[in-house]
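Here come two complexes built around chain A, the first alongside chain B, the second alongside chain C.
On to the complex of A and B.
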């Protein structure tokens, strides 16, 4: 079965990796696979979200649609949009 | 005390709303709201809260008004330049509505004063521009049981959430920790001037609803706003039983100042002015000690323009640790405005570099003092 194509909505502080794009496409059935695909195309981006122990960094949240992703092995299921959300500091 | 004739007229559009009415307006007048940070978010929040008749508004800010603030910090005017923000904001709010009281707190919010200040207020609005202070405010609101209207901005994007003690998750449940994050501030990344207007008015709306006991609050919901897409989204989040401050067994029971890394607290570092760095580089060219320029900005910023010979190591990569400092010579960290380069010095200091250097004022200062042709993204 071919991997699913998903839309990835990129948090503002991570857009320096995507050439400023707010929305990119990536391929994968799980969040891990999607992030690996993102890393291939946008080197360094994954490390900004995922630490050395493969845990989601504590200032980052990932949502498949509106379902929170706690583990990278989580499947995307029926969802076709992955939201990368980052704590913001500006006021 | 009942509303005066003047107040009845001033708030007449509120009084027409069944959800506010006389009783609600009297509740607003009796309420005390604290705004931390008289910046992009705090400005519209303060103006609307004052106009709405919040009886007492506290404003915490230790900075002075700068010209670059006026693109978005609408509580100030050009005549307020160099004035203490808390005082200038107070003047403007009282001019807008002399029926209310404004308490300026022209101090930096710290663990040692947060309790004394927060205890004087019913609701806290977080409009600060530092992540470390966000956690101090959140933790203090949990500990002192104060509702919190929180928002943050970056370039064209904003976020908002509301915390109500005992009713839902706190900011730490949403983002447990950000001390290792490299998130540029508005000064570094830029911000659309009108963006905080949208988020700050959401914070003011939440504060008013909290006081009135009306409507549905942003509790357990992160509201995001993308001005370029012109789209709001909503993401649910829950209280974490392991939350460090509001969890079942909290580890944070008294407010604490942010860590050195987050607060950019001083480490032994050398602050080079553009002229000092220029002299070092010229000396190096003439056979003096080597100077290693490390530009810690994002790749796109580096590509737009950088100093000759500078090496690009974005701050995030520096934190990852896959960087071996040169055996000899002086290491000088560079960034746009001199904030990220201080953080780089903190990291380098922890890696055992005795006295790392940074360019004070960043490449903006360099362009102003040494090379106006340098394009600083």
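On to the complex of A and C.
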């Protein structure tokens, strides 16, 4: 079965990796697969969001549609939009 | 000399370049506006090259490299990162890259990086790919040496020193953890904290667990190291294994607490510190609101106050461990940056000072580049 194509909404701090694009497409059935596809196309982007233990970094939030993703293995399900969000805090 | 002073701040990178008489300084930047910059370090083996230790808001930590004296930058392909934790093992993730050190002159593409939480990393391709130094990060004693006794801003690995006579001879420091030495290129390590106080611990005779703030090795006399510690100023002359508290010679009302220490590039007996208030609740501001640099010219047997041109009162400055530097002139200049965003310069080894920049973001590092 071919992988699902999703729209990825990119928070502004990460757009230096996407050439300034706020929205890109990526292919994959799980969040992990989508992030791997993004990393292939935009090298370095994944590590700024996901640490070396495969944990989502503090203050980074991933949403499949409106469903928050806590684990990279989570499937996208019926959702076709992945939001990459930097929850800003501090001064 | 095309020299410049590089300022790493909580909000980006700035540079200050003097005119031909070193009287006026022109500020450039910011570059990386909004990024947290802990260190900006030039490669003495190839002065066109500079590396930056960066973190960006809530994004993960990384390293940027310039091949053109800081005009353009490229991110490391593989930033410093711990290995994947084994099952049941406490996972470690780099929160920030804190320190950068160029490798030995015989290893032109080698760099070292220190991180928070405390980790040692090595690049053998000029900072593009970084690998954990397993000899330290996975040392059987590592969990005790780097026990996570974090300072308020985290547990830092810093002051990575490479012996100019021997690429395999390394030192590093952890705040909090102590000073450690390797004589085999980082495969094995041993604590080197004899004689250093650890007033904050119940057992003051511990072998490690100390809080070195900054350690410096003299380039022309690499057996001599100086240390500004949480608990005093020290010197050691190897192969001795005991640090001597040279801060005892500081005026008692000033004390010997601070963050940075820097050395004269040509004279191993000369060092400068920037004392801060370490009494009661450790405010870590200029003692009495009267900032001063102190200099020794006899390896710590005596110290003298250098404050001409600095504010005479009501100035509660804090200068962090990477924020005091010395330039490369035979009669060296000194520069420091404050957490309030001011940069001060002395063209004459601290004898007189003047402010050369103000209103910058919180300053983390001040480094000299040629």
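Keep in mind that, in the parts below, the second predicted complex is superposed on the first by the 88 of 91 C-alpha atoms of A that agree within 3 Å, B and C clash if a C-alpha of one lies under 4 Å from a C-alpha of the other, contacts with A are read in each partner's own complex, and residues count from 1 in each chain.
Criterion: a contact is a pair of C-beta atoms (placed from the backbone, for glycine too) under 8 Å apart; a residue touches a chain by one contact, two chains touch by 3 or more.
Note that this is a predicted model, so its numbers are computed, not measured.
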Larger contact residue set on chain A - chain B or chain C: B
Chain B versus chain C as contact partner of A:55, first or second or both or neither: second
Partner chain(s) touched by A:44 [first = chain B, second = chain C, both, neither]: both
Touched partner set for A:86, first chain B, second chain C, both or neither: both
Footprint overlap on chain A, where chain B in one structure and chain C in the other make contact: 13, 44, 47-48, 57-60, 86-89
Complex contact set, residues of chain B against chain A: 37, 39-42, 126-131, 134, 151-159, 174-178, 180-186, 189, 191, 196, 222, 224, 226, 228-229, 233-237, 298-301, 314, 316-317, 320
Chain C residues touching chain A - in the complex, by the definition given at the top: 56-60, 62, 75-77, 79, 81-85, 91-94
Contact footprint of chain B on chain A as seen in their complex: 11-13, 16-17, 19-20, 22, 44, 47-48, 57-61, 63, 66, 68, 83, 85-91
Complex interface listing, chain A residues touching chain C: 13-14, 43-44, 47-55, 57-60, 86-89
